[in-house]
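The two complexes that follow have chain A in common; it is paired with chain B in the first and with chain C in the second.
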Partner chain A sequence: MKIRTHLPIVFTVPTMAVLAVLAFVPTVDAVNIALQNRELSNPDSVYVGFANFRALFSDARFLNSVWVSVEWELITVIATMAVAIPLAILMFEAISPKLRNALCVLFMVPVLLPRVSAAFVWRFAFHPLFGLAVYPLRLITGHPIDLLADPHTAMATVAIVDVWQWGLLFAVVIVKLLETLPRQPLEAALLDHARTWEVYAYVAMPMLRGALISLVFVKMIESLRAFDLIYVMTRGGPGITTETLDMYAFSQGFIESGRISYASSMAVLMMIATTVAFTILWRRVRRWQEA
Partner chain B sequence: MRLRAALAATVGGALALAAGLAGAANAEAICTHDLRVLAQPRDGLTLLEKYKDEFKKLSGASFDIDYLNENDRRAKSRADASTVGKYNVYYIDEANVALFAKSKWIVPLLDYYPKEYDYADFDPGRQKVATFEDKVYFAPLTGGGDLLVYRKDLLDKAGIPVPKTLDEMIAAVKKLNDPDHGVYGIALRGQRGSGANVWRWMPYFRGFGGKWFDGDTPVFDGEPAVKATQVYLDLFKYSPPGTKTGSWDESTGAFLSGQVALLVESTPLAGEAIDPKVSKVVGKVGYAPPPTPLTGGGYAHGLAIAAKGNKDDAAKKCAGLFIAWATSKENEKRRLDDGEFGELNRTSIMTSDEFNQKFGADLGQALAATAKVTAVNFWQDPEWPNLGDHWGIELEELVTGTRTDIKGALDELNTYAKTLVANRK
Partner chain C sequence: MARGLSRFAARIVIALAAMSVIVPLLWTLLSGFKNRVDIVTPTPMIFFTPTLDNFAYVLGRESVRTGLLNSIIVSGASVLIGAVFGLPCAYAVARYPMRFAHDIQFFVLSLRFLPPVAIAIPLIVIWLDVGLYDTRTALIITYSLLTLATTIWLAIPAFKRVPPEIEEAAFVDGYGPYAIFFLIALPVAWKSLIGAIVFSFVLVWNEFLIALMLTTSDAKTLPVVASEMTQLGRDVPWGILNASVILLSLPPLLFLGVLSSFLSSVLKPRNQG
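Here is the complex of A and B:
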């Protein structure tokens, strides 16, 4: 095919250039800093090769934070989808279109709220003595319960806030997707005596497979950026039970010791790991979709 | 019209005289740009913002204060000072003055502090905290030591005398703890941080004879630290929920809302306890020095001149004038009139009749008694926040139960301390 116009180049080159500068400069800088031994309190630094990276693998807190990040990723992505899909089906099946639209607007409010504000509101709601969210638990058990200070419940409690924001939004997206589906295949399934859940499990959801997978990817990327939420609600605590990689990197860089080279090396590792993981996942999913 | 002008001039002149300001200060504008101040929330600073016009008249420019809570303020000021230097004035505290001074992120204050503002009038303990290697770096906004603050009504009802020793205090805490009726024995701080949980833990550590370093060798990893941690963890059984990951706000909040029988906390709590705006226990509170052998945690926070944010001498002078004005006798007097006990730092104010009338003689006595046991509990070194915060995380793990081996945690800290010392260049 012959290119008849230069328009594609005219449109893409400036954007790509801006993107390259915005993404490339910090990335190169991060790699550069990661190879030195820079500290905030000391203007002099020298190149130390991969010493920071080697140190990371004998740092128990780093290994813990890797595990916490993986856990956070799994919990929030699975829980968000587990809330969003049934909620969307329920709204689609049981509620009149008018009410459904009103609910959709309502369900978008949490995600419109700035994350830091949402985190503060929820942190107060979980306060063992004054919190509204834990009040029923207090009535049942007769004791105040400090969910955010208990290592067994802290992560799940923070995840609730994340799911509250994204699960509800995704439910709205899925409802809208369901509304766009052609009726015929669903009706055909019903004529074949399929039960309601079977209609959704075997007909509607497979039809939405591509869209749902995109949503999962969006959520996976979004979950990686949960720093603000975790920072406000637990600061990585109790102890280090909710300390994700970005929390630990920030903590090393700015809160505790000012070791920005060490923090940068974590950021670089995280970037490599996520790029590799996402590429593999993306390929797998595409192969699976084509199959 | 002329009469009004004359009146204004007289009043203005009288004010200037009373304020002890040099005429020269008024003659020319010292500041050319509005100052940017990074601070943590303080009633005294909020009050100060009402008098922006006064500062503008004095200096020729105004000021803007950005507020962040303590941990965030420390992180942000450190990041700002070491990189872009956007702020002219930093809020500094006992824990990071050594780091900021050593890194040359702030400059010695008295070079730019107008003499007529009388720096020597500040409480000597706070002056000591503001000094690093014989140079003064900040003018105090708050400071003090610890007080045992207790509920007179609860102690009387249980027939318990005011605890004078730690053993008596522990016994009282156990006896007064009654969560079913909404009263907890004590309130402690569990949240990580050299100025949070570690701050409350240190009086036990130092009280039991602990020391941080002997020269460059860490010596804290011994019996006093283990015992201090054990006692601290045992007492946590009687501390209200929310304090395990809480700090000053959570523990004093629980006390002020009437849920705690007694606690050892920093002196500003005494002022809050008698302020009906924040306290539900007004009239029920007594004060005493911390029970022996606890040492009071001497501290001070204040304002310092940023090195990077003030490029030339004129800018530093402007920042110095702001700090002097903000901590002046007149502004302290305003805080006293407003009942802000925790914001008072000048000897002339704290020994005034007005102070006694406002806060009562008991508090004055308790303050005098606690001054005798007030000590510098932390390691006075630029690396202190680093070491203190590291211990803060381990202590939070111990408090919340994700770690149980006290000695193991201290050994780990010891290894960390050795690398800190070894990394010094």
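Here is the complex of A and C:
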């Protein structure tokens, strides 16, 4: 269909222009603000060069939040995949298609909940005195146990909620992908006396390699959006054990001191780090998928 | 025998996963209908006299009603902007050979890489300087970035799945390119497009961080109002909290059916192209 028309220009240029303005204005301004010493309470400010950035690298709380973010990223991505893949295989193997479809709908519920709601539901369930989830622990030990207030368990407890939302969704995605696989290679492997787990490990999962890599990529991006969960469940506490970068930037720029320029310099570093990392990864992902 | 046993074990694991969804949500639902004394019990209570007080209180609060109204206006307007500008753009990228098609797709995707906090912090300053801080207008414009990017990203494959033969037949029948888009492509792809639009709605309805940072009183959305209730002091009104969380969660769950069939249609192997 070769028609000479200006439709592509009319349809894309205005939209892309709007998007570009919406995206670039805050990005450029973030850099601009990061180079000043602006505070929320006081609109007067002067340019201070890279002073904010230099201050960041001697700020122990900032370095802690970098580490917490990396830890969060690793825990949630790995745990999500570790829940999703086995659960999907079990669903594909052990239950009838009808029940499977019903469960697929059910397992989409957690991820559709506003994260504020999901966080609250579980904070309520983990409440040391009358939470349902810790009720068995309370019965066994006879003491109230506050998992969210213990520095050793707080991060893992918040991560459970994240995995609850994303792990179950990914299980649904993988089940639907398994359903689309051609049967012959799997049956051939079974005829060759492969055990069930071997069929999945050596035949089915490699066939889904491209899709699984995309899922990991998606989860890495989504794990950066942990703020809502952490804000409602721990507010970065106990102490600063669950204070991720976005949580720290928020409290610097907003609650504690209103140091908007300092917070902005963190924002700039985050933008650079994630954009560079994900651009490189995205290229890789493309290549792996095509290979 | 061993096979039956492992199948049984597998079913238990699946049942546990299902319980992890049902039990906490059911518990929240039940607690929304409980009096405080029935919630603050060392042993969880299953049987109790239900009350509507919590919901009456929540719906009667000025802050909740404003939040609800703000949420509806803000997500409605930004979803509309996302659809009106995003769908034509997605169609053009999907259908017309363009030099920048890949760049456009990558640019739209890369917007998702940006940490929300990194956008919100400069926007606080920008909206303060323009005098639009804590207004619905500011939120709608900010959210349009989200809805546009999401709608374009999800609608491109939806338009690609429209069989090109239909559009070619329409062209032969004398339809112009714009008529083909409005009268052929849009109606044919409609089912998947609704999925994409609903998805962008759920995203902005649930959005919390940007709303928290860009509003202080007038333009607060429902998630911000609900989160403030969850931060109340020692003597927490748990019943009211549960009721407000239920209210907040209902709209996205209404679309469960639409979104689950959208997911299935995305993951189905394509028949052509």
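Quick note on the criterion: the second predicted complex is superposed on the first by the 267 of 291 C-alpha atoms of A that agree within 3 Å, B and C clash if a C-alpha of one lies under 4 Å from a C-alpha of the other, contacts with A are read in each partner's own complex, and residues count from 1 in each chain.
Criterion: contacts are C-beta pairs under 8 Å (C-beta built on N, C-alpha and C of every residue); 3 or more make two chains touch, one makes a residue touch a chain.
These figures come from a predicted structure and were not determined experimentally.
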*Pick one for A:149: touches chain B only (first), chain C only (second), both, or neither.*
first
*asked:* Just checking: does A:120 make contact with chain B only, chain C only, both, or neither of them? Give me first, second, both or neither.
replied: second
_In the overlaid three-chain picture, which partner chain does A:254 touch, first (chain B) or second (chain C), both, or neither?_
both
*Could you say whether A:129 touches chain B, chain C, both of them, or neither, answering first, second, both or neither?*
both
*Applying the touch criterion given at the start, work out whether A:41 contacts chain B, chain C, both or neither, answering first, second, both or neither.*
first
*Counting only touches as set out at the top, which of chain B and chain C does A:234 meet: first, second, both, neither?*
first
_In this superposition, which partner touches a larger number of chain A residues, chain B or chain C?_
C
*Would you sort A:108 into first (chain B), second (chain C), both or neither based on which partner it touches?*
second
*Once the shared chain is lined up, is A:81 touching chain B (first), chain C (second), both, or neither of them?*
neither
*Would you mind listing the overlap between the chain B footprint and the chain C footprint on chain A?*
40, 129, 254
_Quick check on the complex: what are the chain A residues that touch chain C?_
1, 3, 5, 7-8, 10-12, 14-16, 18-19, 22-23, 25-27, 29-30, 32-33, 38, 40, 43, 87, 90-91, 93-95, 103-110, 112-117, 119-125, 129-130, 132-133, 135, 138, 164, 168, 171-173, 176-177, 180, 221, 224-225, 227-228, 231-232, 245-246, 249-250, 253-254, 260, 263-264, 267-268, 270-271, 274-275, 278-279, 282
*Touching chain A in the complex: which residues of chain C?*
7, 10-11, 13-14, 17-18, 20-25, 27-28, 31, 39-44, 85-86, 88-89, 91-93, 96, 98, 104, 106-119, 121-126, 128, 141-142, 144-145, 148-149, 152, 164, 167-168, 171, 176-178, 181, 202, 205-206, 208-209, 212-213, 223, 226-227, 230-231, 238, 241-242, 245, 248-249, 252-253, 255-257, 259-260, 263-264, 267-269
_With touch defined as at the start, can you tell me which chain B residues reach chain A in the complex?_
71, 74-76, 78-79, 82-83, 99, 102-103, 179, 190-192, 240-242, 244-245, 254, 259, 382, 385-386, 389-390, 393, 396-397, 399-403, 425
*Quick one: in the complex, what on chain A touches chain B?*
40-42, 44, 127-129, 143-146, 148-151, 234-235, 237-241, 254-258
